[in-house]
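Below are two complexes that have chain A in common, paired first with chain B and then with chain C.
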Partner chain A sequence: MRSYTKTAIAFIIPPFIILALTVFYPMVYSLYISFHKWDLKSPATIGKFVGLDNYSYVLSSSEFISSLLNTLIIVGISLPISLILSLGIAVLINQKFRGRRILQAVLLIPWAIPSVAGGVIWKWIFNPNYGVVNAILYASGLIEKYIAFFSDPWLARIVVALAFIYKGVPFGALLLLAALQIVPSDIIESAKIDGAGTLRTFINVTWYWIKPSFLVLLVLRTIEAFRLFDEIYVLTYGGPAGATTVLGWQIFLNAFSYLRFDFGSVISYFLAMVTVSLSLIYMKIMGTKEVLGK
Partner chain B sequence: MNKKMLKRIAKKVIIYILAAIVFLFLTAPILWTFISSLKYEADLAVEGINLFPRLGWTVFNYEIVFNLRKATELPAEAGSLFSYAQFLNAVSRYVIRSIFNTSLIGILTAIINIILAGLAGYAFNRFSFPLKTTSFMTIIALRMIPGLAIIIPLYITFKNLALLDTYVAIILAHLFYTLPFSIWIMTGYVWSVPKEVEEAARLDGCTDIQILFRIVFPILLPGIAAIGVMSFMFSWGEFFFAMVLTKSYDVRTLPVILASALEVGEQFVYGPVNALATISIIPSIAISLLAQRLLIAGLTKGAIKA
Partner chain C sequence: MKRRSSVGYSHVAYGARVSRREAISKISAGLGAAVVVAGVGGYLAGNLSAPAKIVERTVTVAGAEKTVTVTAGGKTLPKLTLSAWTYRPDIIESNLKFFSTYYGYPTELVVLPSAGYTAQMVANFTGEKEIDVCYVRDSEFVGWASAGWLVPIEDIAPSDKIKMYKQELSPGALESMTFQGKLYGLPYYGDVMSFLYNAGMLEKIGVSKPPENWDQVTEICLEVKKRLNIETPFWFSGVAVDWGLPRFWQTLTISEGGTLFDEDLKPTWEDKESPAYRAMKWLWDAINVHEIASVKGFEITQEQGGEALAGDPPKGFCLTGFSYILYLLNIPGNFPRSGKENFKQALMPGKTHQTVSYVRLYGITKMAAKRGKDVLNAAWDLVEYLGGKDKVGEYRVMKRWILESGLGFVQLPLYEDPLVKSNIKLWGDPELRSNQLKLSRRESGLGHPGYSEWLQYSTKEIQAAVLKQKSLDEALKNSAEKWKSLLK
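This part shows the complex of A and B:
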């Protein structure tokens, strides 16, 4: 480890300038706004100090609470399913069979496509009049008439969750696959020789090796779920009757529909705090000392 | 045939069945959109599963999306002339421009990412300086802050700086998302390059800058490529900032145009919308297949230990 402070600072400063402009300053500004009245519809009162009024108003409002609930519901539906699917796909690709390379190649596709395009795909598939899901359910006799998926609160949430699962599964599978590939094969062999079945070996041996990655994935997916926006914009626009209005959508509504920057900032801060505390857990799991050359 | 062999065959069969299901789950939704993009409106607006179109396959939707045909050229009974005309007017004329905008923003963001993250990643691993750990942790924590959480002040700031409706605004916003991630990956890559190589070069009389450009950068090429590709892919698909920070079609990107295509008229014009979605998907799929190894290395390195 050498110390070339000047060079180091010259190398580090440019990203910090950009991040200062795009994050540090906005975060401080946003804090300032959240303590003031900032209603674009009444310009004369903008900037009036109101203390914690915005916080007490927003955090106890039914809109905020229901958007928090909606977020938790969608996280609750999508997280377990996407983790299980990721793990299943990772275990599958880790087997030796012809075509696993092809499977691994297409695995990236749902992750790679633009989220708006992903939304369009699901919107078309679940179309209430001409969607293929309706056609299949009808043809197989499971439904008697076509379902308007986006008019039912729970079905709309499920479709949004599905879009989120579809996009997120590949990353999780890759992460777990990378973890599976470093499990020492001799340990697995010896467990099998000792008479442990496949499932036992997995729970007692493999799980120990992939647990850190699984925890990382759990935290990352939760953070991503709190950022959900694009799919909702395309699929439901927060509806029906606010059923898919998640926290992010509530910020968007307050800022660009109700023009209440003060209320929007309060929710923004709430959202930032949630994700930052989750990311602290994430960093704790990973540890960064090694990378920094210590 | 003994029991063991039977069990092995059964296992193989199960694996292939599962693999086929997973393959379908991953590709079928996208394929369905692609197939639908090759049908006339009249063949899409029908109930029931109809894989094969009555009027035959067509690239008419693509010609509409790229503004190469007039709505009046639509064959009789192939769809609503009015909705095609509306689509042409509200969406098609902005498509080529938006593809150009998206590519330009993606390439510029990628280049800036490579340069800044390359330098910062090097400094974070190789030098010691005050507040090093704190500043690194700050960058990593920033990676997690949702764009939604900063959009209000960012919007006001960009408005005050007269940056709304410019490429600069979108690029800066994309850097906010990609730069922390790039620095994180780059620091990991630098960590994997042995210091001895540099020390040998220093003994031969190379300066820091020479070492960086002649020795370190070439070794870090996979990392640089990974950052470039991932940053481009992010910009290509990013929607939220690109929508909120712009109003003018001169700078709007493809995802914004695609989202706006859903709001044409009373209901969406299925054929052209599926065609436009396919157009936005193709580069992503191409890159993800071509740069598969880079992406997998980048993604897994970025998330677990570098």
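This part shows the complex of A and C:
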């Protein structure tokens, strides 16, 4: 038993060191920065302890509040649609039909495309002068002149949400498909023999089995949605009129454009707290412990 | 800034039927392109006869796994690393090869994406990555210099050289590269906000000369709109990443004899009679009242705006920070319709015809300074070769950029260079470019460390006003308040 423990420790130490250097140290260091003045444009003042001043300044600023609202709007649009679509596609490709394997493979493509490359594709699709969406809408007589999607605050938010949904749905669908495939077929058959319809069978039987996977997906997608950055970087740069300036973009602006690492760290920690809190709430609501039998 | 010139490349489809006029036009364009190629070829051949190289041999140091160059005196020359953004890395590589050949220093090029350049360089500076010379945008220059990331060339280069460059560079560019009284670099390129117009389109509506002031711009645009059925004849780029909107604002203000910030750096636009307020009102009216410009400009970069100028249908006017767009518009092969319209540059409309100048410079990093005096001196040699004169006293690299890409320049003697002048005549007017540079000023406020934050904020506010999310007065008030908060 003792040698087993030693072996375990020997295996754990190398990744722990790597994690400590690449994850824990930067986390602690950025926490430290968030309580100090860290304006790289004023080297003489760097490192001055300011207590909670950075937090009170940033969290009460209009830029932060508007970026928080933008984040909530985009998360609010994209998260439910993303989850519903993932579940729907998973249920669909769980059925036995010809070409199912090909469909599963094709489904992976959006997930495999890097976010930045995907963003560029969306940018072309919605281009105001020669984008295919404009061409289709115009040809079908739905619009009289081409729309500048990224110059309209709401349309820009919707396109960003669309890019986020497109990127994440395949992963979600495959995760839920894996869960669906472990649902015991005899239980489904029993439910049907007892007279349960498709919807009731899904709610009372299938959902019980896929609930843990759905929870995992919900947590992951929520975190991803709050951290949204790549799509903004490629599609809108936070515009128009700041409509897509989300928290992730605000961190980038503060740290790398304004060289205010202190403010960037504050927003990063706020974001981390939000995502951790949401994860805990989800776990509580979904009753993970009961589901997992632990 | 990603498009390559394809001068010398014939895009006439074999077997395609072309009219006589088209044929003459294409032959002329081809001849023009041939002259450009011949000029560049001859110019580079000149480079081959540059001074004899000082390199004795290049050896690889075992263990250290790096190549060093040893001079005849046995001195080891350091390897220099240049970081640049993704505009024509082929030319940059080639320039570095020439530098290595004639100066002896081994070199390495680190190419970073244009849009992410600032973020990656900030990471490189804070992580102290071994980069000795880097591209610097003037909008970020003060921030980087005040962070101590850049070293003044004035502390490294011989004083007579600094004196010479101060005489030969345009005053606006010099000011943009100076921090706390010291010169920090030499220009990679420099340009002015330029007013481009479609001369053929103006002829069609009976206008023989370009507009002299902004009211005339509106009038002509309305006429173009009415008679040629062109929806929005005026193009501008207001995309957030370019900071095109505040720069547009600065340009209109300067052209009317004002500045955005006064001598004490106080915002001037709170006074509704100020040129700064009236400038922004002109843009608001152009989009929302006269409908001669479109909010599509919020998602179009400057180069895309240039491309739209030659689009289908072509546009009438464009205000752009890249005067080389005229090169792209008039030399066939750059844009699909390049060379098919007659695009020209005019002096900036307005009372003073003044405009905004800007510069991109080569800066020497603190990392080079940490590596010692030899590296600093070597970095200066590289900066001077790339942005200044070579050993025979020629602005060789800048000339190459002009000849091959039409980039703007702020080295005043080059405006008198016969090869440069004849090259520019193929697609533009060298005299007018020179005159516009003389009538240019640095953006006011640029020297303040909070300027880039204000640019970002103001872009958002102006966009909101133009999109009628808030009134223009409210947006301008917010912009003024933001600036005041940054001054504290």
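One rule holds in what follows: the second predicted complex is superposed on the first by the 268 of 294 C-alpha atoms of A that agree within 3 Å, B and C clash if a C-alpha of one lies under 4 Å from a C-alpha of the other, contacts with A are read in each partner's own complex, and residues count from 1 in each chain.
In the analysis below, a residue touches a chain if its C-beta (ideal position, glycine included) is under 8 Å from a C-beta of that chain, and two chains touch if they have at least 3 such contacts.
Remember, it's a predicted structure, so these values are computed and weren't measured experimentally.
Novice: Should the superposition on chain A be reported as showing a clash between chain B and chain C, or a fit?
Specialist: The answer is clash.
Novice: Identify the partner contact of A:245: answer first if only chain B is touched, second if only chain C is, both if each is, neither if none is.
Specialist: The answer is second: A:245 touches chain C but not chain B.
Novice: Per the contact definition in the header, classify A:215: touching chain B only (first), chain C only (second), both, or neither.
Specialist: After superposition on chain A, A:215 lies in contact with neither partner.
Novice: Is A:151 touching the first partner chain B, the second partner chain C, both, or neither of them?
Specialist: In the superposition, A:151 touches chain C alone.
Novice: Tell me which partner A:255 touches in the superposition: chain B (first), chain C (second), both or neither.
Specialist: both
Novice: Taking the superposition as given, does A:129 touch the first partner, chain B, the second, chain C, both, or neither?
Specialist: In the superposition, A:129 contacts both chain B and chain C.
Novice: With both complexes superposed on chain A, which partner does A:7 reach: first (chain B), second (chain C), both or neither?
Specialist: After superposition on chain A, A:7 lies in contact with chain B alone.
Novice: Could you figure out whether chain B or chain C reaches more residues of chain A?
Specialist: B
Novice: Mind working out whether A:233 is in touch with chain B, chain C, both or neither, as first, second, both or neither?
Specialist: both
Novice: May I ask you to decide whether A:137 touches chain B, chain C, both, or neither, giving the answer as first, second, both or neither?
Specialist: neither
Novice: Choose the clashing stretch of chain C with respect to chain B from the list 205-213, 331-339, 385-393 or 439-447.
Specialist: The answer is stretch 331-339.
Novice: Using the superposition on A, tell me which residues of chain A are in contact with chain B and, in the other complex, with chain C.
Specialist: Comparing the two interfaces on chain A, one with chain B and one with chain C, the shared residues are 129, 233, 252, 255-256.
Novice: Going by the contact rule set out above, which residues of chain A touch chain B in the complex?
Specialist: Per the touch definition, chain A meets chain B at residues 1-5, 7-9, 11-12, 14-16, 18-19, 21-23, 25-27, 29-30, 33, 88-89, 92, 95, 97, 99-100, 102-117, 119-125, 127, 129-130, 132, 134-136, 138-139, 146, 166, 170-171, 174-175, 178-179, 212-213, 216-217, 220, 223, 226-227, 229-230, 233-234, 247-248, 251-252, 255-256, 261, 264-265, 268-269, 271-272, 275-276, 278-280, 282-283, 286-288, 290-293.
Novice: Mind listing the chain C positions that touch chain A in their complex?
Specialist: Contact set of chain C toward chain A: 115-116, 118-119, 122-123, 126, 142-143, 146-148, 231, 239-241, 294-300, 308, 311, 449-450, 452-453, 456-457, 459-461, 463-464, 467, 469.
Novice: List the residues on chain A that touch chain C in their complex, please.
Specialist: For chain A paired with chain C, touching residues are 40-43, 63, 128-129, 145, 148-153, 233, 236-242, 245, 252-253, 255-259.
Novice: Per the contact definition, I'd like the list of chain B residues that touch chain A in the complex.
Specialist: It is residues 12, 15-16, 18-19, 22-23, 25-27, 29-30, 32-33, 36, 44-49, 116-117, 119-120, 122-130, 132-133, 135-137, 139-157, 172-173, 175-176, 179-180, 183, 187-188, 191, 208, 233, 236-240, 244, 254-255, 258-259, 262, 268, 270, 273-274, 277, 280-281, 284-285, 287-289, 292, 295-296, 299-300, 303-306 of chain B that touch chain A.
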